[in-house]
Amino acid sequence: MNFLYILDLIGTAAFAASGAWAGIRRDMDLFGVLVLGMVTATGGGTLRDMLLGDFPPFCLKNEAYLFISIAVSLAVFFLHRRLGFLQHPLLYFDAIGLGTFVVIGTGKALEYQMGFIGAVCMGIITATAGGVVRDVLSNQVPLILRKEVYASACLAGGALMVLLHHTPLPPALVATVAALTVIALRLLAIRHNWSLPRAQT
Amino acid sequence: MNFLYILDLIGTAAFAASGAWAGIRRDMDLFGVLVLGMVTATGGGTLRDMLLGDFPPFCLKNEAYLFISIAVSLAVFFLHRRLGFLQHPLLYFDAIGLGTFVVIGTGKALEYQMGFIGAVCMGIITATAGGVVRDVLSNQVPLILRKEVYASACLAGGALMVLLHHTPLPPALVATVAALTVIALRLLAIRHNWSLPRAQT
Amino acid sequence: MNFLYILDLIGTAAFAASGAWAGIRRDMDLFGVLVLGMVTATGGGTLRDMLLGDFPPFCLKNEAYLFISIAVSLAVFFLHRRLGFLQHPLLYFDAIGLGTFVVIGTGKALEYQMGFIGAVCMGIITATAGGVVRDVLSNQVPLILRKEVYASACLAGGALMVLLHHTPLPPALVATVAALTVIALRLLAIRHNWSLPRAQT
């Protein structure tokens, strides 16, 4: 039970909570809230494994991820009015999950000999595809396509990781630097309300 | 040509009809109606096989499923005004399909050594993911996330099947009991208009 | 670097441009426009490879496809007001891409021993699934399900290719005839504003 695994489970719980809350806001029933929590937490890593050809995906190999997603979604469903105080701290846990998922996804793609673009894409997909599916199931244009420096933080961290991967730096240091880059960019973006440019129309 | 296979084809036809009807209601053209019929009927089993790593998916191994989906969708497209009398009986065939798909999906996941949560999820996905894709393509929040005891009937039947799988009961009996549970819950839910709770907001 | 590969890259660029333009019209930010360009250009072939069990998918094996998609999407994002004159010619490049993608997808499915329906479906999926994902991410009912002879041109060309595949004609001739059929039908449909029938409701 190493440190990265603990961060991974914290990120999974944070993503499940954000998915379950989205389901409640969209007036879904208990089953819908459960599905949104599970999909948000495990959808990105599942799509990554399906693209890399690693079957069954991580969450079917180790059911801890699904178990945590279900437990967190149930807690949010039944206690969400008492859990309001968690909404703000959740942003920080979500950022931790974002950085962890990028590092895990990019690292796995490098193990599978993906090229530069492919490895960075796998990191971004691991961290964001669950949220995209959550938004598609909620019948909304995915948030990350419209605003906020969210996926871009993943892009920066993933690209940094692939570049440093080809240096003699120890892998654990590379992963830590990449994850902290994602987390720092994400927290700065929240604090300063950063957003990407849109095309002038 | 065993009994389960016949039920599977009946369920496929019922799901294709419901998908094609949804396409007509959404004012789609002939091609759109065909796609919705095929996706509703074969999408769940296809996603299950893609997650389990069984390639190509069942409907590309045995084209009978695609053939039936196309034939039914064409019939609904051209004759839907004369087929109105089928709308009510269709609910019963749909329930038969639901029970059959859950048993097939859960059983296949158990063969692939999935754990408890994974096996139940594969049963639910087999039975409901086609309808979810149908609703996403129709630009609607998937019905099963919002109301009706539909996926929950699958959950109950799948969980029962995994539990009984670890008893000395003969597999055919386990499958029959699980399928009948799904069908009975679904029909009772239709009759009594059951629905799951929503979070109090 | 053969002729089909050059057509494939031209089609990729045309599809990426149409995806990026859709992102701009939907008021997405830079990241969203990039994702829509990449998904539209490579989504169909990726889904085909995932269904056939060929991992990793083509665009992760050869990053030229992703590189072109990114370059074209960036160009559209930053220069779209100066590129207005390309909108009309783009329809022709898009038609070339359509024919090429159908032939590549159907041909690959035949190599993988798919049956008639499966091979035709793989051709249609290769050519159209990227656009379907683009529309779903834009929160719209996919265009090809509603109007225009677009997927039907793919269906006709793919079916012709599978039929001719079983004759002694040389494969290069079969592929050329099938691709030209798709392109001709698509251009005629644009010129004469053809559309498929809808169900009378």
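Lettered A, B and C in written order, each chain numbered from 1.
In this text, a residue touches a chain if its C-beta (ideal position, glycine included) is under 8 Å from a C-beta of that chain, and two chains touch if they have at least 3 such contacts.
Quantities reported herein were computed from a predicted structural model and do not represent experimental measurements.
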| item | value |
| --- | --- |
| Topology of the chain contact graph, where touching chains are joined (line, ring, star, complete, other) | complete |
| Interface residue overlap between copies chain A and chain C, same or different (over half shared) | different |
| Centre-of-Cα separation between chain C and chain A, whole angstrom | 30 |
| Overlap residues in chain C, where contacts from two or more other chains coincide | 50, 136, 139 |
| Of chain B, residues touching chain A in the complex | 50-53, 112, 114-118, 121, 132, 136, 139-142, 144-147, 151-152, 155, 195-201 |
| Of all residues in chain C, those that touch chain A in their complex | 23-33, 35-36, 46, 50, 55-57, 59-60, 63, 66-67, 70, 77-78, 80-81, 136-139 |
